[in-house]
Amino acid sequence: MSDQQHNQAGFDAGPLPPAGTRPHETYVHGHHWRDRWEEADGAKLGMWLFVCTELLLFAGFFCAYAAFRLMYPDNWHEASRYYLDWKIGFINTGVLLFSSWTIVMAIRSLQLDKKFAAFIYLGITNACAICFLFLKITFEYIPKWQLGKLPGKYFNYPNYGPADPAVIDSTTLPEPAGPLVDAGHAITNGATDMVASAMNSGVMDVLPIAAKAGEEAHHVPMPHDHIFMSVYWISTATHGLHVFIGVVLITWLMFRVMGEHYGPRRYTMVENVGLYWHVVDLIWIFLFPLLYLV
Amino acid sequence: MSDHHAHYLAGKGSTGKTIMSWVWTYDHKKIGVMYLVAVLMMFFLGGLAALGVRAELFEPHYTEFVNDDGQVVADTKGYKGAGSDFVVPEGTTPEQRGVMFPNITVTTVETNPDTGERTEGTKTVTGNNIYNRAFTLHGTIMVFLFIIPAVPAALGNIFLPIMLGAKDVAFPKLNLWSWYIYLFGGMFAIFALIQGGVETGWTFYTPYSSTTEWGNVTAMVLAAFILGFSSIFTGMNFIVTVHKLRVPGMGWFDMPLFIWALYATSIIQVLATPVLGITLLMVVFERTFLIGIFDPALGGDAVLFQHFFWFYSHPAVYIMILPGFGIISEIIAVHCRKRIFGYRAIAFSSIAIAAISFLVWAHHMFTSQSPVANVVFSALTFLVAIPTAIKVFNWISTMYKSSIAWTTPMLYACFFLFCFTIGGLTGPPLATLAVDIHLHDTYFVVAHFHYVMMGGTVLAFVGGLHHWWPKFTGKVYNETWATVGGWIVFLGFNLTFFIQFFLGTQGMPRRYATYPTDIPAFEIMHKISTVGSWLLLLGFLIHLFVFLHSLLAGKKAARNPWGGLTLEWETETPPLEHNFEREPVMTHGPYDYDTARPVNADPALFPMPTDTPKAH
Amino acid sequence: MSHSNDHHAGAGEGHQQDHHLHVTPFAPMLIVFIVLLALTALTVYTANLHHIDVGNTRIEISGTAHILIALTIAVVKSALVLGFFMHLLYDKAVNTIVLASSLFAISLFLGLTLMDLAVRDSIEPYEAGELTPGGTKQVIRQSILRDEAGHGNAHEGEDHSADDNADDGHADEDHATDDQANDM
Amino acid sequence: MTLSTMSSSLATNAWDALWFRENGSAYAGEYNSIYYFIFWASAAFFVVLMVLMVWFMLRYKRRPGVAAEVSASHNTPLEIAWSVIPAIGFAIMFFWGTWAYLPKAVVPEGAETINVTAQQWQWKFEYPNGATSLQTEWISDMEQPLFAIPAGRPVKFLLSSTDVIHSFYIPEFRIKRDCFPNRYTVCWAEAKEPTHWFDPADGLAKPYDKNDDGKFTDGEQGYYLYCAEYCGDQHSQMTHRIAVLAEPDYQAWLEKQNNTDGVPLLDLGAKLYKTGGCAACHSVQPGGVGTGPSWHGIWGTARPGYQPLNADENAGAVVDEQYIRTSIIEPQSYYAPGFQGVQMSQYAGVFTDRELRAIATYIQSLSDDPAAVEKAKQKSDAEAAAQAASDAGAAEGAADESDPEVPAEPGA
């Protein structure tokens, strides 16, 4: 096709395909694009730029994580060990990886013009995403909320108490008062005080701490546990929000696929949502070991 | 499809349809014009706040309340409480005191020293925090609502696709989204700033911003977060447009330098803005959930916030100035009718500045970070000076042996070179560790960044506005009055800010509502600066009236009033709905003034070097 | 990879765009998925592994080593996702360049920020023990709580802080002042 | 300042005002040299560029019918030259600036350490002998503490903050360092010459008259300490005076500040109100408004309040010594009507036991009830008498003990 043709015809949609075909076959590219493949390339480039912004957004969390890990290495190692259960994270990693694979397969199915297979694959992806959120909320967020493993100021240090009643008497540790919800600034953060007092009085150094809640067995509370939980909450919650947005997008794609809007000649949107979904996976690939394992 | 041969400004039949054609437009030019109107409004709003700031600093004393006999009964320092003579009504809450104009009616008490008798009157309390809100208002509006979107989203939106020979930006719907996000974020910000005000400064340093009870910090931070998305979307759009929608035959090095500058800007917008987003989000979390990451009282680290913030906000400085560089490149080439000197050097230096901008952020933190990091960032900071210097040399070299039209845009280009060079040259003292320790956070810094931001970007923006005004409005403006306005702005600007360098070397700290009375230099210099700010107001008002007059009564502009060779001058004035009647064909480069003549140009008005004898 | 679905393409577009459609292959993607799962399992395994016995030698795995191992595996995993699932291996190079530039920015962001935090006390040492890097209100808290906690274990607490406070005198004075204030 | 004095000082000081302030510290001169090097190099550069620009504007103004000459569109040697030459200049600036700066980042051995605490919106110096400044001075129209430092030897400022970030800035010393909550930062300076002298008669540091040595410009009496990092409402009022004293004077002044035992409770309370940071937020006027409640007339009144750790106890409290002590050490324990949510800095460990009692006594003396005021005075006097007695007893054993009868410093 020569430029001359473009000058005359290129400013409109171009010749329309025969009527009566499926929507994705009659798709007309945007008037300002040379053709729909250019449009698809452009859309994909735009999506990659958006992927970059997502990565940089999460880089903020990773930077905060790394900064505090640098400052309080032992504290973070211990906190990661005792406040988070790697098993849920592990299952969720598998779930996300699987969903990544299924959305790749959904694109493949569209490329091969298998509408129904694409629909099924997208459905599985969606199911995985919902499963991820379900596991996360049911087995992580809700129990943590109940145990007071909340971010920052609202963090309730675990119900520590020394094994030997004689010691607890002599140190007169205050009873944990539940999630600290007193108003105002945390200069008088009682929880941190308690830990500080316990550390200072030497209890922490000498005795194994018997925890009342099984999850924190043998955990030695440390002064910056609440920062760890802050990073955990904000990064996983932001990630969870992305998963939720993914669910919405994929649901929308499922409707569009059923309406035959996508096919071998037009699947950019599916590909772009796929890219988005892979980024969600990518972030989790890093969040999982950093938060849960090391 | 609508009529392709109509001007983009043309009405759509009925008023309702015309309005809807703007509200739901995907046309980059209409979106750009809407941005332009918005950023100009923001400029005047932010400018008013700046005038208030300057007025407060006119003299060092606190506002005094004088009774009917001319005696001072109270002053605003009483707001502080120490030695206060104010009586606040019982039950006045911090919320009430936290509105923009507190309007707390207080009882002033005067005690007669002889008799001990007390007389009471009522006054309204104002105080430092009005001043603090005013400079925060000025800073946030100018940064987030004016200068970042000013050139890319307004002029860039209008001209980037046309200069590339494209019919629109790559994602017109995203462009519209970006505009509405800007509008929403802007209204959110104005709401936050007016209703309650914010007094953290535009930098939102924690722990002050995360703990202060005053004003609507959370709302303002969210607004800046929202505005970030607008900026990111514009950047993404431009990058894809430049990559994908150049007209056939236009290679990377056939692009006008304005496009190069916008491209470099877009890279920064896409790569840096998300970090601002997450930082501001964390400040919101800090305020709502007390996560403690940035709050030392909760075990966090306040310097970490500064790293996060400046990782965006220093590159953001280049988001602001790079498009200005682009405009100046265009103006100088067109009005000097000369092939630009060192095209590739200018293009590459734009990209180099974009890359280096990510390396230098912590020079904002020379007094807060570790001394070793200071050394690293000081060295990196000097790097960015080199490509900037190269640009200035190239522009001035372009003027050599050229044919310079004395027009308002060219006048502004000269003003730009003058002011930006000062702004640039006052950078090295601030990058030099030993000197910066003294100058950090003083008026030297204030003067420096106003010379760069205002003397650079704003002058370039106003110059660009004059340069392209006939093209996108289709109207001619009054050259005489525009020149007068330009000179007044230039003089007012230098009067306002040049003196501030010396305030800074004298040690006057930033963001002070008042200053010691026993250092006479402070007061004199502040007075001069304030007078300059009034001159600036006058200059900008003249420009405003010139533009309004042009819109209402201006003559129809020619297609190519300056004789430019870039593609925007080849289309109709104002441009068509889809920019070009037919896809343009690249017959010459953007600055081939020695070999090409603009389409339909009159050879008498547009002599070529080849057909005239040597000029001298 | 060839395909035959482009017959409906608009005039003048069909043959030119054949190369655009790269049908995602089945087998490589499945293999990548399985490898990813295996690597995840490996991460968990190594994270819970505290030492390796080679013959009679026991090699301890330090915390740093754990992080390095976990991050290396994560980088490999993300490279697989990027290359295969996200099609970078099949796409135009520009997408890879875009990604690389964002990784460049991220590395600067993390690298230089952490550089500052890491060298923070190289010239300007903390008053040891009084404050921890990043800091909490431990000084005041500890002194208050030391009193509140009674004197049962006080000597241990003092030992603890004395170790940290080894370097300068006025720090101890601070503590003394605190103690006075709270003795009332 | 009237216009006439302004214009006269403008004439005399205009040139001085263009440069850095007087060199107050040992290394200020070196910093000046670097600045002036950059300044003049930049100025030369700027002039050359602007002359070229203006000349081109005039010389190559467009003439009808005359085209621009064809000239090179680039010139690689020229472009390399103008990249490399500035780069060399920048390298000189960097190395000189860094080499000057780095040694100043390390505090010299044996420096006098002064703990500087910043808070909204006041500075506080704690001297090695535990003293804080009790001398105050009117700056602009506000009474602020004055801080003395010794001349001729390095002084290390150990900086911290109780609330938000502040920045410790003394222009004449060319030092600036941010103060963070819960962290220490340091900076140091070696003041060159004394600006003040110690008057043993009233125990105050007084500025040299500028006529004595012509050192100060109009009205200036020593150096200012500024807060250079925006810290809230009264940021611009965090401006205090630094008095540089010769060594013997400094020691005498320091001794004077330290000796609070002789100061009666009431006077001490009034001084601490000014110098301890209370005045930043609390008024002592009837109904005076501040960030915190006025102290006037609160003694003995009932306050609703709560204690966060025992939320059930909502009974409120009566303002007495215990209430005041708790409110200082744990400010969030109680609230005053209308001040819910206002954050007071924590003062735990800041005041000694006696100082806390002094503040309580001072508040008591601000009561509306004459009986309470009288009681406060009695308490103060009785304590002073008791102390005098015990000091007298101690003085028998130690001859060098200071005079217990020293009255309160003037200026309280």
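Order of writing sets the chain letters: A, B, C and D. Residues in each chain are counted from 1.
In the analysis below, a residue touches a chain if its C-beta (ideal position, glycine included) is under 8 Å from a C-beta of that chain, and two chains touch if they have at least 3 such contacts.
Because the structure is predicted, anything quoted here is derived from the model rather than measured.
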| item | value |
| --- | --- |
| Chain pair, A-C or B-D, that carries the greater number of C-beta contacts | B-D |
| Remotest chain, chain A as reference, centres from CA atoms | D |
| Between chain C and chain A, distance of the C-alpha-averaged centres to the nearest whole Å | 15 |
| Between chain C and chain B, distance of the C-alpha-averaged centres to the nearest whole Å | 37 |
| Chain C and chain D: spacing of chain centres that average the CA atoms, whole Å | 40 |
| Junction residues of chain B - those touching two or more other chains | 211, 243, 271-272, 275, 296-301, 303-304, 307-308, 371 |
| Sites on chain C at which at least two other chains make contact | 94, 101-102, 105, 109, 113, 117, 123-124, 134-137, 144 |
| Contacts with 2+ other chains: residues of chain D | 102, 105, 180-183, 340-341, 343, 346 |
| Chain A residues touching chain C - in the complex, by the definition given at the top | 1, 5, 14-18, 21, 25, 35-37, 40-41, 44-45, 48-49, 51-53, 55-56, 59, 62-63, 66-74, 77, 86, 90, 93-94, 97-98, 100-101, 104-105, 107-108, 111-113, 167, 170-173, 187, 189, 192-194, 196-197, 199-203, 205-206, 223-224, 263-265, 271, 274-275, 278, 281-282, 285-286, 288-290, 293-294 |
| Residue ranges of chain D in contact with chain B within the complex | 1, 5-6, 9-10, 13, 16-21, 30-31, 34-35, 38-39, 42, 45-46, 49-50, 52-54, 56-57, 60-75, 78-79, 82-83, 86-87, 90-91, 93-94, 96-98, 100-102, 104-105, 121, 139-143, 163-165, 167, 169, 171-172, 174-178, 180-183, 217-221, 224, 226-237, 239, 279-292, 294, 337-343 |
| Partner chain B, residues of chain C touching it in the complex | 94, 101-102, 104-105, 108-109, 112-113, 115-117, 119-124, 134-137 |
| Residue ranges of chain C touching chain A (in the complex, touch as defined) | 3, 5-6, 8-13, 16-17, 20-21, 23-26, 29-30, 32-33, 36-37, 40, 43-44, 47-48, 63, 66-67, 70-71, 73-74, 77-78, 81-82, 84-87, 91-92, 94-95, 98-99, 101-103, 105-106, 109-110, 113-114, 117-118, 132-134, 136-138, 141-142, 144-146, 148-150, 152-154, 156-157, 159-161 |
| Complex interface listing, chain B residues touching chain A | 1, 4, 161, 166-172, 174, 211, 232, 235-237, 239-240, 243-245, 248, 270-275, 277-279, 281-282, 285-286, 289-293, 295, 297-301, 304, 307-308, 578, 582-583, 585 |
